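These are the structures in question, set out in turn.
Same chain, two partners: chain A is paired with chain B first, then with chain C.
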Partner chain A sequence: MADALFLNGAGGGAQSGASAANRIGERAALALLSGAAGASVLCVAGILGFLAWFSLPLVFSEQGGPGQLASVISWTWQPTSGHFGILPMATGSLLLGASALGLAYPLGLGLALFVNGLGPGWAARPLSALVRLMTGVPTVVYGLASAFLLVPLVRAGFAGTSGFSWLAAALVLALLVLPTIVLLLDGQLRLVLPGLGLTAAALGLSRGQTLVRLALPLCGPGLKSAAVLGFGRAVGDTLIPLMLSGNAAQLPHSPLDALRALTAHIGLVLATDSQSAAYGSLFACGLLLFCLSLAANTALRALRPATGRVGVRVHLGPGLEAAASALAWTAAVLVPAAVSALLGFLLLRGAPAIGLALFFGDTPPLSALLHGAPVFDGLWPACLGTLWLVALASVLAIPVGIAGGIHLAEFATGRAARLAAFCVDLLAGVPSILMGLFGFALILLLRRTFWPSANTCLLLSALCLALLVLPYLVSTTHSSLTGLPAGLRLTCASLGLSRWQAVRRVLLPAARQGIMGGVILAIGRAAEDTAVILLTGVVAGAGRPGALTDKFEALPFTIYYLAAEHQTPQELDLAFGAALTLLALTLALFALARRLGATAKAVGRPAA
Partner chain B sequence: MTAIVIRDLGVSFNGRSVLRGLNLDVAAGGPTVLLGRSGSGKTTLLRAINRLNECLPGCATTGSVRLRLDGALVEAYGPGIRPESLRTRVGMVFQTPNPLPVDIAGNIALPLALAQGLPKAEIHVRVESSLREAGLWDEVKDRLDAPACSLSGGQQQRLCLARALAARPEVLLLDEPTASLDYQASRGIEDLLLELAPRYTLLVVSHSLTQARRLGRDVLVLRAGAALEAVDRATLADPERFSRLMDELF
Partner chain C sequence: MRKPLHPMLFAFVLLALCALPVHAGELDAFAGKTGKIDIAGGTAHIPVMKEAAKRIMQKAPGIRITVAGGGSGVGVQKAGEGLADIGNTGRALTEAEVAKFGLKSFAFAIDGVAAVVNPKNPVGALTHQQVQDIFAGKITNWKQLGGHDAAIHLYTRDEASGTREVFWEIMLKKGAIAPGANVVASNGAMKTALAGDADAIGYVSIGHIDQTIKAPLLDGVAPTQDNAKSGKYPVLRKLYMNTKGAPQGIVASFISYIQGPEGAAITASDGYIPTK
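So, the complex of A and B:
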């Protein structure tokens, strides 16, 4: 102890010199941090800019006359005969989103009520765990399981239909957005119930009455936020409509008809056909999706609850408790049944395929691992591709995301801070297919300017995935830091630490766990996304990636591709094995993130 | 006449025992004041009487709590007793004012409508009578539809008292009802409690000896979850013995 004091004293002579160097270092650090926060603004501006720029030909043709706008805003999509109408897809997206929300919202509300006291106490914990597990299921996995379980059921139930329909897509989308709704409502209820529960109980109110008459009305804005988030997620999803809705560019007349969503449309057209005349309409679709997420974001901001408790109006009519109870029990039976049917089917089909042959095919594993021997009928190249993709995206996104989060939480003030926060929120709500479209547009731009041979590749995919997960990193870092006790900052200041010193030495170490949780959540998200890579360079049968500018394979795309294009039953088994592998990977990552205390705060993102 | 008879009461949370082997007789009327250090289990004892502990996770209660309702002693934990209806007969006022997030009248009307299913006309009558009983009517009669949280702390606490009275309980449990109020507001509540004592059985938890001296007809000290001892009036009256008790307790 005495030695330490002495050393500190001896260091005092050099203090002024050291602190000058410190101050320069501190300024550099702050500049870097604000740069990182600015990156999110740039990303949003970039996406919007590209979408707008490439949509311009719609309004002005190259000859200066009116553009193709009229042909885009029409009900006919026949690219071979020059009809590029996107109205069927826009309607399809809205129908699908609204119907999925209509299914998911009551069930989500029921589940949230069930785990907060309408159901028996012993059932709350496993149900909450199930809902959290659902957040970790990749959409492509839902898509695969549903395409081979639900779709045949629909086909069998309604003779004369293919089963690939609005109905099938809406049912699975409902399952996909359900956790978003449940977690948000559950969080809200958990906020209001502790202050209310004992009071209401002491007045003789039952748990059901407390929940339905008092707690729910108190969650008012939260109830609407859950609907907006759920709708945004349903409209933003690509893979489920792509795999299940049948994708006919038409207006459906019944839930058994096929329809095509905007997101799936972008994916389909860009992945299959590259007529430049169709691009204009694609960017119009992109712009429309962007505007939808902008509208959702604005609505969410408006719904943010005012500070201070406000009075609520309580409905005293009879029967509400019974209705809520019925809803809660229905949800508590239906949702676990649906999830276990899908995942159980996946396990049943995928488990027999699990083994070394699944990954390496006929190639000896050791020679594939050590000598890079090519693997033709195994998942190894896809695993390697996913690994590379996730590693590259992490290297790009993690430093920027964490630095941006630190800046927003500790240093940003005023208008710039609000703009950056808005852009992070907006970016979090942008459908992932738009990140892919952004990457695709970047390549188009490069080709037209100084790099005519530019093509979609591993690096581009990683860059777009980095964009996708950036808001997760920013917001978990931000919330981990702002969640620290306020006294900690005051203590640091009272001890004479500068703000940067306080952040680096005290606050960041204290928030470490939450930040790590966010990192893992981001990794999981990057590993499962399909929509982004679909447009930016993933192909089937590329083999192991050799360079950053190569095409590549990835697990989620392999699942999607094999589900649609499998030639033999063995290839389909490969798809189920891949789905099980990916599911195990993402669930493990999500469980780890949860252990580290990252809550499902960033549930608002529309998935692949 | 005894209004509450507690025998061999034990309460534990997640296996950690808070009260064990506790016996207590509370006389009708009162106020009976329960003193004790923080953490001695006063609040838990109070919540054992209206079975509110059951709303907290991991709670286990043993022993017997009998209450005089409609003239007869009834076992609160008996098989035929619904906790919800028991709580309408045993009112409670909390340490900090806890109005429901509705308007002033709604705070009284809502529990009457939901827990007791009373008709509108009856509720209307009780809103006014209970607010008068709590001495709040003149202050709020022109803004019954204002949010309850717009009232001052003392007014909110009187509203909570009115809300408890509106259910026409036979027993009122008050958990440090003046702890979050200033001197003036505290005196107001204490005077009110003395007025109510002839009509209700009042059991008041307090950590203030001064308040106990002012308020208590019977004063009891709860020591570390088990032993209860009565403090006689002579001790409360004698400054020296009073200050010794104060040193010992706090």
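So, the complex of A and C:
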């Protein structure tokens, strides 16, 4: 009763009826919130369940005897002669992930140190902007640019390799995971540096000494988290290995040899007969990838910074600052050079293709726009497909994600909360190809049970993409709410607001900026992902999307398809044009996220 | 109030519609029909399928035809599971496949499979044995074959490929393919990869051969469709469309169209020999 009184600013008996209604509404809202949080647990359980269920025949054959597990855990992949070994792919994934991390980590550390004081101040801002820009580059765009720039360079530079190699894939994967590492380390450094000013001044340390001797040791767990996150991202990527590593199912003898990653293997082989051991082995691959992300996640949890721990390392040799400075400068030169080479190449190749013909082929644009005239040899159907896909995935994921985040931040307690939080983190680390595999298996299951005409389609892809972006939404909502000043909560409590009222009237409006940023991030992620749609219904020629149950085209897949399949130079131009379009779209979304964030901050006063 | 359509725009659209190529006759079977046909599988088929789909969809806007690749294995699986209306294969179905899924096959073209290299490669003739040794990894330098001193870059296809199966059975006599070979996912991708790599060797459907890649003579015989048809060139197969059970409605019309005179013309212009 008191709640209503304060909230509405006017007392009186008439309020009691409204208050009862409010309470019921409040209960319903809370139930919905916890349901949304539960959804992420269900998703994880569903994916794990599917993977386990479909790889079960490997352990127990239908006749009851032992399955072909021994054949799957072997070094030979030759399905035509009954060898389904996935060990070469598992090793390939680990080698790729480790080498990409080995390249990216020092560079990432160098960049983080550079922008935090090891480099000149004027260079810090543009470098930070570049790193943020890199987070918006779709993996398929990196793949395309590298396949036509880096691969020929590797081929020309080293004898005996076709260029499609471990080396090429590792270099580009390193670029892909670099921003993850830099942003995490940069965040950690920014957190600890302000508190070190007095200590540093008292000890008479230079900026470089402060960074290396004081700040970095304080970032200890953050340093390890960055490595684990970077490794997970490198192992989980599908398109870069698929497009650049040559995909030979072998153990590479040198970085110039071709190798096949688990993710690429799933994408490449989903093709095969769905009841054979080849198919079962794909789910074993999936299970393995899932376990890898589980391990990474568990490691991350173990690395959560312990509070109040302070360790200052002093005896680390005299050359440390010089080494750090050299590393920082190397990174600050190499990384922008590599990124501008790739993106500049893309611009050079793609820009001449930009024009109405790129989008509409030889169909008159107006009749395509207004009358839905079919477009061949143009990107318009793919653009429409991507728009539909993103819109549908957003409708499915955004409400659930935000509600789940609110529940986790404000209401969940105890074991259930820990489980849900764990599942969200885990889901965020699950490689996107597994969402696709899940979707594909779901359709097979539906067809065999109560929906015989179910098929891979636009709706299925959107659903799987929604699963993919869900954790981003949950965690950004969660962190923007928990990041609010504690005073705000105290004020709410002292005003006598119920927790739901506090969330609705005060905390959510205050956290709007962060939540909005999460939404835009999720949209960008849904627009660029290729691996999910690869297995769930995208095709190269479908025309404009017709119904939710139809096959469709999408920009990222068009890029992937044309990169490999172009039959004429014009078709390759189309791929570069598509890559520029997609890049412009994702970069615009990220810019919008920042802008929205900024404006939201200006007006983001809690509105009680 | 809806704004009336601008007369210029209307004229423009009308003009655009008139400009569409009009194919009388066989396409009439599709006029006014609606529905969708999902096609997947064999990648040698794709150029023919896409051209037929384009003509049909221009004639009958209510029909949607999607064409996806994947390889013959995908064709069998997608058609068998009912995930596609037509599953293409570049090889005959096995008895097990027919029995398991109840598939019906419709051949429409004869197509050879040839070992191909980059046009810059001076090697113009190979023997059967040399091809086997190259793919087994026993011959590793073009110098051994009279070419430049450069390592041979091997390209092969994934196991779902019918082209791979035919090449492996007839050309390689089921011999080994070196595990280090790059794997590409379609005939189109193979062609693209070979066109960009001067030291490469791979194999494609003869229908895909154009000036961007070169097919060396095999034991003195040029790998052409004519030689394949006459039996002089041994590595050949038929291209099939497969359906689960007898095809119905527009799917049946599509198959008749491909097998009919106009489909045969498309097939021939894409470099294959129509079966009829």
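Please note the rule applied: the second predicted complex is superposed on the first by the 569 of 608 C-alpha atoms of A that agree within 3 Å, B and C clash if a C-alpha of one lies under 4 Å from a C-alpha of the other, contacts with A are read in each partner's own complex, and residues count from 1 in each chain.
In this section, a residue touches a chain if its C-beta (ideal position, glycine included) is under 8 Å from a C-beta of that chain, and two chains touch if they have at least 3 such contacts.
Everything numeric in this text was worked out from a predicted model, so none of it was measured.
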Query: Is A:195 contacted by the first partner chain B, the second partner chain C, both or neither?
result: first
- request: Applying the touch criterion given at the start, work out whether A:528 contacts chain B, chain C, both or neither, answering first, second, both or neither.
  value: neither
Field: Which superposed partner A:205 touches (first chain B, second chain C, both, neither)
entry: first
- prompt: In the superposed model, does chain B or chain C contact more residues of chain A?
  reply: C
- request: Mind working out whether A:551 is in touch with chain B, chain C, both or neither, as first, second, both or neither?
  value: second
Field: chain C residues within the chain A interface of the complex
entry: 9, 12-13, 16-17, 36, 38, 40, 47, 50, 53-54, 57-58, 61, 64-71, 73-74, 76-77, 80-83, 100, 150-151, 153, 155, 158-160, 165, 168, 179-186, 188-189, 191-193, 196-197, 199-200
- prompt: Which residues of chain A touch chain B in their complex?
  reply: 195-206, 209, 213-214, 218, 308-314, 316
Task: Quick one: which bits of chain B touch chain A in the complex? Just the residue numbers, please.
output: 50, 52, 55-56, 83-88, 91-92, 94, 98, 100-103, 106, 110-111, 113-116, 147-149, 163-164, 167
Query: In the complex formed with chain C, which residues of chain A make contact?
result: 79-80, 152, 155, 159-164, 246-250, 257-258, 260, 268-269, 271-275, 278, 363-364, 366-367, 370-371, 373-374, 376, 443-444, 447, 452-453, 455-456, 539-543, 546, 550-551, 564-567
